[in-house]
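Each of the two complexes below includes subunit A, the first together with subunit B, the second together with subunit C.
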Partner chain A sequence: MVRNYKWFLGSLLLLVNLFGQVKLSVKTIPKKVNIILDGINIGKSPIINDRITPGIHKFEIAKSGFAPITYDILVNPSQAVHLDFFMNPIYQVKFKTQEKGLVFELNGEHLWDDPFIRLDLEAGDHFLRVFKLNEIIDEQTIHVDEPKKFNYYLKKLISEK
Partner chain B sequence: MLKRTFNCFLHIGGILTLIMFMSGCSLLKGPLYPDVIYNNRQPLISVTYEYGEIEVKLPLNYIGVVPEIISFEVYAHGDTANPIISILQEAPRVFFVYLPQGVLDIHSKSNIIKIIPQDKNFRPVTVRFKGIRFGRIALPPKSIQMGQLIVNGKVFLNKNEAPLGGVDVSIQNFDNVIKETTTNDSGFYQLSVPGEYKYAQHLRLVAGNNMIFKPFKQKLDFSQTLKMKYNIGMGPNKAMEDPIYLTNRESVHFREQPDIGSETLFLLGAGEAVSVTRVTPGEYYGSIEIKVDSEKMVQLDGWVNRADVILLDLNNVFKK
Partner chain C sequence: MKKLPKYFLFLFLGSLYSTNLEPTFLVLNHFDKFLPNADSSLIENFSNSTFEFDSTFQILFEDIDNHENPAASHMVTIKELGEKYQVNYILFNRIEHINDRFILNGLLFNTRSGGLIHRRKIDLKQYLNGQINELNMWVGNTVGQVEKNWENNRKSILFSDPEEINYQKTPRGAAIRSLAAPGWGQAYSGKKISAGLWASTESSLSIAAIISFLNYDKAAKSFKKNSKLYHGTNDEKDVANYRTAAENDWNDHVTFSALAIAFAGATGTGWVANSVHAWIVGPRAYKNLYQKWDPKSPNTTG
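So, the complex of A and B:
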């Protein structure tokens, strides 16, 4: 009798829980990425027919070779919510210069003075600043959309695949 | 000499190979910047919501007459000023309405469907219900009927206009009593019957069945109205002079002359008043009141058998 009662209570709680939730599906490009929802790993993408409660939630998505994504969402009370994440790839770029005594700065924070260096860059635009004797001598935007090799000449950037 | 030169090259080659091994491939590939450089580009994220639908099903029962057109108005969260949806349609047997998810109050019965028949003889009906997030709601059947037909007024004694309490008053269709009541101490009565009798041809108001007077009977016609007022005077009029006698049975002969065989002017029903002016050993001579042209009362003289009447006592006007 007590067992039946527990079973009934459990079923009721499950029903109430399911009733108050929103159906969730998560897809990513690339596939097979671990999805962290509110700090809990809910599995690898694609995720279909999971449940989420209406309200504020945090998704964290990370995969080697792609820029990680952190996304806060206010889930509306609805029947279902479908999320698609397109992860931004990271490409390895070779950066080379023949010029002497130059210091390079990327996106205002990453500095190097090597004449030949390999960089892991998120796809998209990056802001390059060039210093010589602590003075800015050049500024330009470099666009990364594939693995590339950049040859830098003073005030002239030449890229080659 | 050649051998020494070869050994020297071998040593140099060995040293270079050693340097290559020690420095890894970085000599050829260059060093790797230690951090991944992000540009904080907004990732492409697509969020698609799927909203459910609420189907509300309300069966309707029409009692008697069916209105032609009904307006349905749906309100949520107790807000009766702004309907979510208004639908005007022919009177359905089952009313269906489809609402988007999230519009109804799912915690209390503050959602309302107002059913407003487009006929002044019907009164609006309200249905309160508790909502759901999405899915189906099957509401219990609701009855739609015409407004109640009401008749009220006062019952008084014609002779002195005193209110009469305790008088039986009823509404009858043919001879079937639909509703009955008794007047209060002020002589007031009110009766209501379902609207389905609005066009009944044989509806009548009957008062005074428990009195010694002839009962009051009035045909009721509600075809133009839902409410009527009838003040009912019972017993003989003021114009009839004392002594007044009442017939004590049905079919009392009211004759032109006292002698048997003379012409019967009227057959009087029980409880009809005769104002007596002359008396003979077996007969009374007097006048009765009769209604002509439905409203006007005239007095008519004649004779009744003494055994067919009793003297009226206004202090005791109810049947025993």
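So, the complex of A and C:
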């Protein structure tokens, strides 16, 4: 009798646990990306009909050649949650200038004065600032949509031509 | 004063009348900007559904995430709506625009239980007809009808996988061409001057190597001939002439042999160098950035 009672309680707990969970589907572009949920690898995308408990969770999605994604989500106690992640690729970019004495700053973070450098940049717009003798001489947004080389040129004054 | 966003709410009833087994949907669209083709697009794309429009609901489910139990927070309202419109499900779509992005928040409720069944949140950069496309995809996912062109349309705004980028012209293509014919790779890359230089240099070296070889061959044959004649005569004068001729042939054969080897080596080395050069100057994506600020104008930064 006691054993039956324990078995019943165990089954009830299992049922509550199962039905308290939410169906989870995760799709990514590109496919076949490792999905890490709360520090545990739950497999490669696409993930269909996995389970997740209601509450706050953290997704970590990383693939070589793409910018990693960290996503915090509050899962409501619904029947299913579908998540779509679009990963942004990282392109190898070369930046070259023949101008002398220029210092470049990208996105307010990276600073360099070499005439030629290689950068790994996330696809999208980046803010370039150019300094000469500690003064800003140019600002512009550069659009990175493929691995490419940027050649920077100063605008010459008419009198200098 | 912060301008209040204009909310355009469309309420329409999608009923699938074809069979009694097909679910019926009440679709509530809640957009912060007017999307003129949203309703017609749904009508066109989900032709087996019938839509009705209503705008009596002003702000529904806006604060759903603030509830302790969001899935059950509108149970009564959902059930009432289900009874009123005689539908199985309620589909609530909210689209918000933030700068160049838009967020689609989709909620699917079951009117029998009143609970939240599915939820989808999409944060995407805006693209042509993106809102309508994403709305179609979400509704299509719910009713199990997603068209490939919607997915392709969405993919069109995503940046290409670096491994999937295919260029029409590549440095490797240039190198192979130059290996086949010196200068071809440079011409393929649009470097006409270096193409001409490589082609003329390599052809000159090749011709020189061939001429040297032919002269070497001629001298070698002549040497053999004069040697034979030298050994076959007893005439003193002829012996002296054949000997001189054979010696000259020998010297020529040595000189042209060295020249042929040198020119052939130079041709081969140049051939490989021309291919490497073609790869170096091969077609690669680049962009020239020119200073945007006018150097004559004073610095405008603060």
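Here, the second predicted complex is superposed on the first by the 141 of 161 C-alpha atoms of A that agree within 3 Å, B and C clash if a C-alpha of one lies under 4 Å from a C-alpha of the other, contacts with A are read in each partner's own complex, and residues count from 1 in each chain.
As a convention for this text, a residue touches a chain if its C-beta (ideal position, glycine included) is under 8 Å from a C-beta of that chain, and two chains touch if they have at least 3 such contacts.
All values derive from a computational prediction rather than experimental measurement.
S.K.: Once the two structures are overlaid on subunit A, check if subunit B and subunit C clash or fit side by side.
M.R.: clash
S.K.: Have a look at where A:Y153 lands relative to subunit B and subunit C in the superposition and call it first, second, both or neither.
M.R.: The answer is second: A:Y153 touches subunit C but not subunit B.
S.K.: On the A-aligned overlay, A:N41 touches which partner chain: subunit B = first, subunit C = second, or both, or neither?
M.R.: In the superposition, A:N41 contacts neither subunit B nor subunit C.
S.K.: Regarding the shared-chain residue A:P30, is it in contact with subunit B (first), subunit C (second), both, or neither?
M.R.: After superposition on chain A, A:P30 lies in contact with subunit C alone.
S.K.: A:N88 contacts which: subunit B (first), subunit C (second), both, neither?
M.R.: Touch status of A:N88: both partners.
S.K.: Could you say whether A:Q98 touches subunit B, subunit C, both of them, or neither, answering first, second, both or neither?
M.R.: A:Q98: touches no partner chain.
S.K.: Just checking: does A:L119 make contact with subunit B only, subunit C only, both, or neither of them? Give me first, second, both or neither.
M.R.: In the superposed model, A:L119 contacts subunit B only, not subunit C.
S.K.: Who does A:A67 touch here: subunit B (first), subunit C (second), both, or neither?
M.R.: A:A67: touches subunit B, not subunit C.
S.K.: What is the contact status of A:P77 with respect to subunit B (first) and subunit C (second): first, second, both, or neither?
M.R.: Both subunit B and subunit C are touched by A:P77.
S.K.: By the touch definition at the top of the document, which applies to A:E139: first (subunit B), second (subunit C), both, or neither?
M.R.: second
S.K.: What residues on subunit A does subunit C touch that subunit B touches too?
M.R.: Residues common to the subunit A contacts of subunit C and of subunit B are 76-84, 86, 88, 90, 123-124, listed in rising order.
S.K.: Under the stated contact criterion, what part of subunit C meets subunit A in this complex?
M.R.: 64-65, 69-72, 110, 115-122, 124, 141, 155, 158-163, 165, 284-296, 299, 301
S.K.: Could you pull out which subunit B residues touch subunit A in their complex?
M.R.: Those in contact with subunit A are residues 29-33, 35-39, 41, 43-52, 101-102, 133-134.
S.K.: Please name which positions on subunit A make contact with subunit C in the complex.
M.R.: Interface residues on subunit A, with respect to subunit C: 29-30, 65, 74, 76-84, 86, 88-92, 123-124, 128, 130, 135-140, 142, 145-157.
S.K.: Mind pulling up the subunit A residues that touch subunit B in the complex?
M.R.: Residue positions touching the partner: 19, 23, 67, 69, 71, 73, 76-88, 90, 94, 96, 106-107, 110, 112, 114, 116-126.
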